[in-house]
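One chain, subunit A, appears in both complexes that follow, with subunit B as partner in the first and subunit C in the second.
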Partner chain A sequence: MTAEPKPLLIRFFRALLALDRRWIFLAVGALSLIFLTINVRLPIPVSQQSRDMFNVITSLPPGARVHLSIDYGPSSQAELWPQHVVILRQFFRQRVKVIASSLWADGPSMIERGFREVLEELKKEGIEPKRGVDFVNLGYKAGDRVAIAKIASSFKETFPVDYQGNRTADLPIMQGWDNYSGIDLLITIAVGDPGATEYIQQAQSRYNVRMVAGVTAVLAPQLYSFYQSKNLLGFLGGLAGAAEYETLAGEPGLATRGMNTQSAVHMLIVLLVLAGNAAYFYLRLHGEKVR
Partner chain B sequence: MRTLVPVLITAFVGVFMILKFFLVHDGVRTVANELEQWGVVTLAFAIILGVLNLARINLKAVLERKRDWGYKLILLVCMFGMMTAGGVKWYRDIDAARAQKALEAAVAANPVAEGAAPPPAVVEARRASEVAEQRAKFTVFTFIFDQVYTPLSATIYALLAFYVASAAFRSFRAKSLHSALLLIAAVIVMIGRVPVGKVIWSKFPVLQDWIMVWPNTAGQRAILMGAAIGMIATGIRVIFGIERPYLKG
Partner chain C sequence: MENLSPFTEGLGIWLTCLLTLAVFSFLYRDNPIYKLAEHVYVGVAAGYYFYQAFRGTVYPNLIQHVADGIQLLNKGDAAGWTAQWRWGALVLGLLVLSRLFPKISWISRWPMALVVGAFAGLNLIGFAQANLIDQINGTFLPLGGYMTGKAEMMPFLPPAGKPGEASVLNHIILVVGVLTVLTYFFFSAKRSPVLARIGQVGIAFVMLTFGATYGSIVLARISLLIGRVQTLEESNRAEFGYPPIVSAVLIVVLLAVWRMVYFRPSDDANIEPEPARKT
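Right, the complex of A and B next:
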């Protein structure tokens, strides 16, 4: 036996299910704009994997070598750029040597942009790392998994010249080491394939190099099993991961600001899904055919 | 013979790559490293082939005034324009590196006492290095990448948020037990992953974490292991020549 249908409720739910999607677009756009301008800082809960990543990076001594693989392009910068910047800033503050490369054609320009903007900021703090001595951009290498395997066995053979055309064998930063046994930490900031999983398969598991990763929120669920098995010592997932890292570093920045917008849009989507289901079940209960 | 030779080459390469993983013998490693280098070079050539193919197909369509030939023309202009801009940037980068080296050489050749003015050769080399560095920093390539390509790419990706919201509203229905479980998990993860979740209920982040760490990891691991076993089986079939996708052209 079903309850007596309420005409007003039925009309409302029918209208809801027939809602023009442009209203939803408008709601998403308006909420994004409003919450980008509101300066309210909600407490950001920090996950264990982000905390572990932070601890691994902060434990690097000055002069440690890090291979930073920037495996994303501008399309995913909304999620990955805040991770890239906050981590790079921390490396330079800790006087860590950064060897950057990319498996994505867009990557080298993102690397250059990262160096340019972070170095500009750090100049005000009196930190002025030198290209070729404290950091290097080795550029892009085609070949996905094969390229990773090759990088792991010899950086100088894989990248005979850096992005600026200098012979890598002549660079001070490249002296005294050539493969992952000379690298203290491998970090990839990745949007897909090739990225974190491929680095784990081709390099981390073979050379037992310490590894962390920063990935988009979509990719993050894939990394939990590698994190549990200690292939990954920590990782950041999407903008939320970057905001957690900023919280740990005590430097609220792009990601922390973005969390207000993300909170609002997530809540909107949840409400839409719940409202859609409520309408679906109510109308079905009262004998209407709905999809 | 046309089949046998590629199959033998594949088997040889495959066996060496496996051996490299398990053996520390220098000979095996040297051969495997060389094969990896060949692989990287071959894949780099694939990019050149891709560019040539793209140019050939689109140029033909433009010359024959086929449908949407205007877009194809824009594609060609952008592709070759960006390649030219990249070439100019590459030249300027090399020029800046050369000027930097010249400066270092000039400083080494003209030692200056503390507090004394640097000799004209060093001043000149420093000025040349600064000019070259500025020229390398501000190029058409960098401008297009930062001011055109980056905002366009980010905009296209950002549009996903609008479509995801609309699609979730229209299609995410708890029509069965499985879809109901998926919906509940999705709602908890979506709320628990953002700061407002903790404000609503302090246990949302904990619940979200539990879903990601246990059920999600179990599922992901099962998928990973299944895929790995599949990859091993495919690898063995390719090495033994049972599967020959590379011969299908």
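Right, the complex of A and C next:
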């Protein structure tokens, strides 16, 4: 026996299903703006993979060499820039030597921006790493997996000059090593292909180099299997991963601020999905044809 | 580190706000302001990618390398010959361009064959190691007993607040998940009722994975929106004349003018309507 249809509810559900999607865009936009301006701090639980990544980076001794591959551009900076900044800051505070490169054409400018902004901040703390001695931007290299395989065999042959045009063979930071046997940690901050999976296939699994990664949320589910098989010692997934890392580092920043909005918009989307399904099933239950 | 001049910074902020809001105007409907932003993006990206490929790869790895080799040869050093084989790379690169001439376009297959072969060879080794061998190793999990390097036995349930920690239940779920999903995709034997049932469990795991991926995609898309809104909020500076607010007003006015004066309903007819779903 079906219940007597309630006209008001039916009218409401019909209106809901006929709602112009532009109202939803407007609601999401307005919610983002509101939650970015109000100062609410929601708790951020830290996942095991983020904690592991933090522990791996924290355990690096001063002078350790890190290959930081920045494999993203401005189009995905919303998710990856907060990860990039918080990790780079930690490297310089720990006096780790950073060898940065990119497999994406728009990566070198992100590397430069990262160095510029983080060094500007750290100057106030009296930390002033030197280009060519403590860090280097090797720039972009075309070739995808082939480029990774070449990097793994020889950094200096793959990058004869750095992004500023200096010969890499002459740089103090490049002395005494030339391949992954001289690298203590490989880290890629990646948006897609080539990125974390390609580095695992061409570098980590072949040369057994310790590796962590920071990726967009879309890529994160693909990395759980590599984390389970210990190819990756830890990873960050999207803005949430960056917020977790900021929590661990005790430096709430861009990502932590963005998570309030993230939570609010997620709640809205969940409510809309539930309301849409309720409307669909309710109207069908009462014999209406629903698209 | 060089800092940007106020003029360059201001110009960058204004362009950022105008182009961001121009792209957002698509949410109203396809319009010339959005089209302009789209074309600017495609043009700038193509030019920028070409420049970066030349600066990062062609110049240092080909031109400079060969030039250094020639310098060595001029000094009488025979080691300079080793750099000259890269002329071969240039020739192969130029052969790709033969596609532009239909009569000799078949020549482009040679360099492409080399690229495909090298790519396949490299991928085969990396894929077999990381996606096959390492994953099989990762699935050989203990379902009980003492934990590695620890004196205590593996707990049945993961510790509170650490759902990803090693535990008997987690390992059982993982092993059952792998085996049932593999069974679902096993097409070399007749689907007996038992295999079909196991496959059904496997498809449930696949669905859970799709659900997690969908959740991650929502997370990523909202993050992109947050990033843009954060940028607009940070750009709202008095010294540059409140670029986001002025840009928003400008775009709304331009959209209104376009809608009232230039818009033809037939423009929308070019967009294919969504096919109606059967109910």
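Assume the second predicted complex is superposed on the first by the 291 of 291 C-alpha atoms of A that agree within 3 Å, B and C clash if a C-alpha of one lies under 4 Å from a C-alpha of the other, contacts with A are read in each partner's own complex, and residues count from 1 in each chain.
Just so it is clear, a contact is a pair of C-beta atoms (placed from the backbone, for glycine too) under 8 Å apart; a residue touches a chain by one contact, two chains touch by 3 or more.
Given the structure is predicted, the values throughout are model-derived calculations rather than measurements.
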| item | value |
| --- | --- |
| Contacts of A:L274 with subunit B and subunit C, given as first, second, both or neither | first |
| Touched partner set for A:S50, first subunit B, second subunit C, both or neither | neither |
| Which superposed partner A:Q228 touches (first subunit B, second subunit C, both, neither) | both |
| First (subunit B), second (subunit C), both or neither touched by A:F25 | both |
| Partner chain(s) touched by A:L119 [first = subunit B, second = subunit C, both, neither] | second |
| First (subunit B), second (subunit C), both or neither touched by A:K141 | both |
| Contacts of A:Q90 with subunit B and subunit C, given as first, second, both or neither | neither |
| Which superposed partner A:P160 touches (first subunit B, second subunit C, both, neither) | second |
| Which of subunit B and subunit C A:A240 touches, first, second, both or neither | both |
| Residues of subunit A at both interfaces, subunit B in one complex, subunit C in the other | 25, 28-29, 32, 47-48, 76-78, 116, 141-144, 146, 149, 158, 206, 217, 220-221, 225, 228, 240, 262, 265-266, 269 |
| Residue numbers on subunit C that touch subunit A, as the complex places them | 1, 3, 24, 27-28, 48-49, 52-53, 55-57, 60-61, 64-65, 118-119, 122-123, 125-127, 129-131, 134-135, 137-138, 162, 164-165, 174, 209, 212-213, 216-220, 222-230, 233, 276-277, 279 |
| Subunit A residues within the subunit C interface of the complex | 22, 25, 28-29, 32-33, 36-37, 47-49, 76-79, 81, 105-106, 108, 115-116, 119-120, 139-146, 149, 158-161, 197-198, 200-202, 204-206, 216-218, 220-221, 225-226, 228-231, 237-240, 254, 257-258, 261-262, 265-266, 269, 289-291 |
| Touching residues (chain side subunit A, partner subunit B) in the complex | 19, 21, 24-25, 27-29, 32, 42-45, 47-48, 73-78, 109, 112-113, 116, 141-144, 146-147, 149-150, 153-154, 157-158, 163-166, 206, 217, 220-222, 224-225, 228, 240, 243, 259-260, 262-270, 272-277, 280-281 |
| Subunit B residues within the subunit A interface of the complex | 21, 29, 33, 36-37, 39-40, 43-44, 46-47, 90, 93-94, 96-97, 136-137, 142, 145-146, 149-151, 153-154, 156-158, 161-162, 164-166, 168-170, 172-174, 183, 186-187, 190-191, 193-199, 205, 209, 212-213, 216-217, 220-221, 224 |
